[in-house]
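Next come the structures, one after another.
Shared between the two complexes below is chain A, which has chain B as its partner in the first and chain C in the second.
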Partner chain A sequence: MSRFSILGCRLRISDERRHIPTWSVVLLILLLSVTSVHAMSGREVYEKLHEVAKKTLDHKMDVSMTLFDKGGGTRNRSLVAYAKRGDGEAYKVLVLFNTPPDLKDVGFLVHARTFADRDLWAYFPEFKKIRRIPTSSQDDSFFGTDFSYDDFGGPANLDDYSFKILKEEVLDGKPCFVVEVTPKIHRKFTRYVSWVAKDLWIHLKIEYYQEKELYREGEFTEVRMVDDIPTAFKGLMANRKTGHKTEFTLEDVQYHTSFPDDLFTQRSLERAGK
Partner chain B sequence: MNLGNLLRHVSLKHIRLQRAQLFIAISGICLGVAAMGSVDIVNKSVIHSFEDSINHVTGRAALQITEGESGFSEKILELVQNVPGVEYAVPVIETNANFSGGSERSLMILGIDVLQDHKIRDYSITDETADIPDPLLFLAKADSILLTRAMAEREGIKMDQEIRLQTVLGIKTFRVRGLLDPEGPAKVAGGDIAVMDIYATQMVFGKEDRIDRIDVSFLPGEALDTMKERIQHVLPEGYTVDTPAARTRQVEVLLDRFRKSMGLISLMAVFVGMYLIYNAVSISVVQRRKEIGILRALGVQRSEIIRLFLGETLVVSVIGSLLGLGLGFVFAKLTIGVVTQSITDMYLKTSVGDLAFSWMDVARDAGVGILASLAAAVLPAVSSARITPISAIRAMPYSEDGILLGTKIKVASALCIFLSALVFAAYKTADVSSFVRSSATMFASVILLMLGVSLFTPVFLKWSTTFFLRYLSPRLGVGGRLAGMSLQKGISRNAVAVAAIFFSISLFVSSANVVNTLRNSLFDWLDSIVRADILVSSGHPLATGGSPFIPMPLEMLKELEEIPGVLSAEPYRKAYLSYKGRKILVDVFDVGLRMEYCPGMFAEGTREDVVRLVPGRNNIFVNEGLAARYGIKLGDSLFFPTPNGPVRFGVAAIAVSYSSDSGVVGMDINTYRQHWHDSLVDVYELRVKPGEDISRVRAAILEKMGKERKLFALDAAEFKEEVKKMLNRSFVVTNAVNIITLLIAGFGIVITLLASVLERTREIGVLRSIGMKRAQVLSVIIIESALLGAAGGLLGSTTGLLVGWLELEAFFRSDFGASITYQIHYASVAWAILLSVGFSALAGFYPARRAAKTNIVEALSYE
Partner chain C sequence: MRLKRVLALCVGLLLFTHAGLLHGGDVFSISGRLSLHGVYAIHDESVEEDPSLTARMEMDWRKSEWLLHSWIEGGWDGTVRSPRGDRAILKSFDEVYQDNTPYLELKELYVERSLAGIDLRIGIQRFSWGRLDEYPVNDLFNPWDYTQFIVRPIEERKIGAPSISASMSKTDWTYQLVWVPWLVPYRLAKPNERWSAVSEGAALSNISGAEVIAQEPDLPAGKLENGSAGLRIQRMGEIEWAVNVFHGYDPRPVFKTTALGVTELDGHLLIDPGFVPSFHRITSLGLDGAMVKGDWSLRGEAAYTFNRAFDIRQELWGYPDTLVSGITPLNPVEIERDTLDYGIAADYRLMEDWMLTLQAQQTVIIDRPSTLFEREIETILWANLSVHWMNQKIESNLNLACNPEHGASMVRPSVYYVFTDSWKAGITGLLLDGPPQSIFGRYAKNDQVEMVVIYSW
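For the complex of A and B:
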């Protein structure tokens, strides 16, 4: 129900037949105003977010990362990520590290049949072995960063979560829905709170909680449009427990790519995507 | 008059006056309880530590899958993971390495799949609690290693530091990429554990695609037996599926040997303590005759007198037992290192931090000490009640000789010895699996023998003194005759001192002869199988203190043969197999080559049979111990589990081998490699060309091959010497207990003779007054004590020889085989008797001086 349809109800005010106090009208308008803010549900927000995210599933991104440890030391990495959308919810992702030299050609492959059904593999050139990453590890650190496998692996299955809009807020000059997301399945976090930019439908900020404790928080900035797709070119994820944080920068982003299927194979992983 | 008053007003006075006697009695019980306590503590500590290690390493694994020592293909993992009901199945490699340089400390390497292992074990490399700055780099690089914080601090190692470890493939460099907090596996082995990713471990330690174990956890609600069956069903034959607790049971079998040896020593020590208590109470009864008479005259009942002496004994034994429990901890600390090294060598790096004990064991050991003391005090306490008031007050002579030389004691003695023989016969004829064939039965036989002989000591002493008086005393003059007569007068009291010496000497002689037999047998056997000139290994062949072997690749063989001066090089591998629930040793070597220059020792079959039947074929030879335990004969077939399923092996010969008391199989190296795909070597045995200088060849080996790995090139002759020293070291604790027991028995002689001197004060006064010189008085006492020692020594040596034989029959022959023949070490027998006589004479010196200094006038008026 939209605000306008509510206000489209005609009110008959007749001093002769019935006296309706002015204050009640004001109250009614106010009530309608409040309820109309949550015209969208939390789930709907995330459905919108998913629609945008789906558009990004065909992409190539060059990413640089800096890992900060609690002592202030830094480690720099760069990688390239290829992604291809499949039928329905299916998609594939190939990530290959470029730098530092010790990590050259270390890779990561995702085959998702649906958002909830994913296989992950990792490849380490020194061992010349493909390793399956168990599904339950998706909350664990993505290769030593403060992002989890899920953060990079693609959008989550909405049916595994419940959503609640807490409020609306302006962040970095952008109006946002502040949504509380609670998993229905066992995850490392008990809930997270995200700031989803309205009209852009991307995360600008996200806070992960374990019970009442905020343990991980991320910010996504420098949002630019690439092929009409809003993209945060900078991100920072900090782990409050360890004092560690990871910063990423997108150096180059291409959407609507059309990579062949054989790029997203274990063989390709072994060949380092060449 | 109640017991409390009697103890307070009567006993306390005597305790103050007879401190030395009291000290000796307490020491005897203390030692016995200490020996028992130390056995229990070591046992419990090792088991507890091993269980702890297992639990920390196995985590939530409900079942473990293993197959032999050399590991199995990782392809098996997928089979297990797909079994319905399996929650997680994770691969594990357990191996060892040594620091190269520095402390050269050994550490256990745990190779795990770091991405999933935290599902089973309590830690995660991606967890915030682990200090791993770059988990991706850890996974990506084969040289990544995680150390425990404890080890890093001990070795002064920091994060990102390079360390060098001796591995199968030589000395390798690793980089410390993380530190583990002390939880889960990081708590094992005192922190001497490192974690690597499983693929890195395979690569660095030459495992190819093999793993050592799969740890399995179940989904909730799944039953253990059902899962075990399901998993066993999908596995090829030869794989073992068992609970982690099963490994602990194997360790208990290994500890059994330790318990048996120390158990016998504890028993002996308790007996010595009992005799000292008997001695002390007997002397006390004699010395307090007058007091007893007065008490009886005042109305104290016989039962109260008995309770008085038993009450005193109770107090003494409680003190002795409590002190013994404390001393037991000290003994345990001394022996724990030797025992844990054996466990580490065979199973898993085990390090005992704190000693563990159970209150039940403590109560039992203290209880045994107290009950044994009370039992020892019963006879003299009862005899004290027979003292009539009138005889005591009038100082009429009293002697227990009638009792101890009576028929009942003689019958009891003969009966005990007969029963001992009967029990032994039952043990030997019982089936291997029967409960009769246990160490408890053999202990019973030994106890009965010792008891029987000790009951015989009064009679033996009487015979000895009679013999002495008739044939030897005339040569020693007046002193000799007086000494002999004096001994005859106090047979009962003196017999107790003799019994104490008897126990000590029999312990000494039995140990010496068992050690001698084992040493000679082992040496003969070593001589027959070690005919090489140089032994090459990556760890000292007799390393102790936690520095195990790191196997070497077979590829080194060719390089060694090319070294100038080397005639031939032969690989030797030591492997273990599970056979009927026990770990048996497999000696793997080039049988054809070895038999060319090693005669070997065979109980059945010949060297020619072995050369003809074993190389390159599925035939083996077994040692006597294994053959005896399982009734294996020539031509029998044995089935051993291999990675490709069970394989039938024919028994070509039964050999003499002391490599392991659990059983030994000899197998050709090509046969072993064919079935177990294990191409590692523990020792290379090199023969040098005739005329070549062995030390020059050793230097050439180390020069050529010592850079890429730490090597030991030991002269085989030196190796055999080291074995001898090692064997001697292994008996250090036994020897220590022997010496202490002998010392305490010696003190028993001091007390006995002091009491005798005191009693004969007037007699000595009379002798002095009619012209006997001080030196003559001295010589009488010295001769008496020497005679006591001689009697104890003779009896102890004879019995000791028998006990040694019994020990060999019961504890060693069944494990090592019939070829281990008892070899009497005559020198130790002679030494034992000389020691006994000499030490006793020395012990008599103080009482002799006291007697010689006796004031004639005071002595004549002594009452």
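For the complex of A and C:
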């Protein structure tokens, strides 16, 4: 008995069928390949997305953000984010603000044992104190931006969500799966709809809903390959309720960084990574 | 003398680090803040305050394993009523009553060398031990500047202490050792200034034509045995906890009495109020912890302190009913007792941009004598609600505190409008109530409205 594994589907060909012409097997494989992509479940789409996300878990990113209020006023933030992948699903993230002056050296630390189990801390130099942050705060605004703590906190636990492919659509010239993601755990949103680029397996667009009401939406553009990892260099997250928007620009990114564990400690958080 | 030693230390630090900082790639960062404060005193009988214009600048210069850090503050302090005439502008580390304005203060100035997970720091430092926001019970190295009590955040009113510290982190464990070689005294407002806390002194300064001359204490000699030291061991984890031991001078103000002196000079009364700040050594054993439970971030700390000094009730100090010229001896006023302090705090996000912090703490005075104003158990309940509106354009804060044993309370609402990332302006109210010797009641005449403009860079 021979086994072939194609895109997660196992094809078993018994010894008795070995007389089948080679061309028909090739055709069958091709057909199965095509149908298997179409037949991908929402969960499988997100497993693919996770594979890419895991590759990004050793990184240093310099990010600048511009916050636009409804009246046209703007404010700026700049930060640097470090991440390190551990064993299994474990990872660590350290985010440090450089500007504005009010937020200079304010930091945010994540220690994830698994995608479902993580500890969060924030450091405020003004109080010279580190504070534990409940994971229930993960959907709250990330220091006044329209992004949430979760947006900077690493991959989600897929078992905490259910997935449903709604349709396929071309967005900015890129074919996408449009997936509805519904949390099984308590989140601020009741569901979100995401546009996941086929082949790239990253979000190009995401819409967060509270019941039927769209309250937050994001678009991710200027996707470039960095060390074979697709990376969006621009993003815009808008809050539909408040009219507030946050544009982020990835100024610099390095993958496969392998930072020492010392960088992801409370000591490092207090010292702004220095 | 002590100031000269600190300055010599600073110059030494700069020279010491100069060579190290000249080599390798360096990272330099600078930030600062300019603040203009104006205070409107609500009560006619309260001491007024001039506008203040202060600036602070923080600099970090890092080169490989070396770091030079400084936080310098200075400007015009409107709380000072009679600026000293000697043109000294640098705040010293050996005086309780400091009335220099314009002034310059070294809040922090230290050099650090990091090697193999060990950070060695030498210079003027601030420490933050414990978990409570206000009145932390294990945070004992940095005395407070009580000319800024209540109106400035705790970290801003801390006085930097010339010290040596070593921190070592190993996996989830952090060990910190601190040594402050000599006593740095707390700072108090003079009896004729707005934030003077001793009601007898303030009462004397209200006598028409009288000048109350606050007496500086004789500080303990700068000997090895007069230093303060502490060790803190902290563990990071799902439940974080730390234990610490401190042995040194208690940063809480107490007084000892001498004798009331009244001298009449050209129809003008010169009054020596007869009390001077006093300093006592304590030993304190503390522990603290933090954890997350559901939507709550919980914190707590406790400390058992040996030989903490208290003053007896001021009506027992022996002041005469009517002031007469000459010397009037006063009664001894200090009593030492062990105390147990403990408190818990919780942070809870009510909704996005609404953060509530609740804190309750108590001090138990072991074997309390009836002559103390403080009760056997003293409680402080403290709450803070911070709300940001209009996409963080408006920052509002409501701070409440009460000491139920004495019916003392504080209410401090504030609203800031953020114009840009650099500019913001706000208004803060302050209402204080309680009997004259209570923690808030001693400032009960100081209800005020404060307007602030801040430029940050």
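Everything that follows uses one rule, which is that the second predicted complex is superposed on the first by the 236 of 274 C-alpha atoms of A that agree within 3 Å, B and C clash if a C-alpha of one lies under 4 Å from a C-alpha of the other, contacts with A are read in each partner's own complex, and residues count from 1 in each chain.
FYI, a contact is a pair of C-beta atoms (placed from the backbone, for glycine too) under 8 Å apart; a residue touches a chain by one contact, two chains touch by 3 or more.
This one's a predicted model, so the numbers in the text were calculated from it and none came from an experiment.
Peer 1: Touch check for A:Asp102: first (chain B), second (chain C), both, or neither?
Peer 2: both
Peer 1: After the superposition on A, what does A:Asp119 contact: first (chain B), second (chain C), both or neither?
Peer 2: A:Asp119: touches chain C, not chain B.
Peer 1: Quick check on the superposed pair: does A:Pro134 touch chain B, chain C, both, or neither? Answer first, second, both or neither.
Peer 2: Both: A:Pro134 reaches chain B and chain C.
Peer 1: Contact-wise, after the overlay, does A:Tyr208 reach chain B, chain C, both or neither (first, second, both, neither)?
Peer 2: The answer is neither, since A:Tyr208 touches no partner chain.
Peer 1: Between chain B (first) and chain C (second), which, if any, makes contact with A:Arg267: first, second, both or neither?
Peer 2: second
Peer 1: In the overlaid three-chain picture, which partner chain does A:Phe220 touch, first (chain B) or second (chain C), both, or neither?
Peer 2: neither
Peer 1: Could you tell me if A:Asn76 is touching chain B, chain C, both of them or neither one (first, second, both, neither)?
Peer 2: The second partner, chain C, only.
Peer 1: Counting touched residues of chain A, say whether chain B or chain C comes out ahead.
Peer 2: When the residues of chain A touched by each partner are counted, C comes out ahead.
Peer 1: Can you list the residues of chain A that touch chain B in one structure and chain C in the other?
Peer 2: Common interface on chain A, chain B vs chain C: 67, 69, 73, 75, 102, 126-127, 129, 131, 133-134, 136-137, 140-141, 144, 242.
Peer 1: Going by the contact rule at the top, pick out the chain C residues touching chain A in the complex.
Peer 2: 27, 29, 31-33, 60, 62, 67, 117, 119, 126, 128, 131, 133, 153-155, 167, 169, 174, 236, 238, 240, 290-292, 294-297, 347, 349, 352-353, 388, 390-393, 418, 420-422, 456-457
Peer 1: Across the complex, what residues on chain A touch chain C?
Peer 2: Touch list, chain A to chain C: 67, 69-70, 73, 75-76, 99-102, 104, 119, 126-129, 131-137, 140-141, 144, 242, 244, 262, 265-267, 274.
Peer 1: Which of the residues in chain B come into contact with chain A in the complex?
Peer 2: 113, 115-116, 119, 124, 126, 128, 133-137, 139-142, 199-200, 203
Peer 1: Report the residues of chain A in contact with chain B in the complex, numbered from low to high.
Peer 2: Going through chain A, the ones touching chain B are 67, 69, 73, 75, 102-103, 106, 122, 124-127, 129, 131, 133-134, 136-137, 140-141, 143-144, 239, 241-242.
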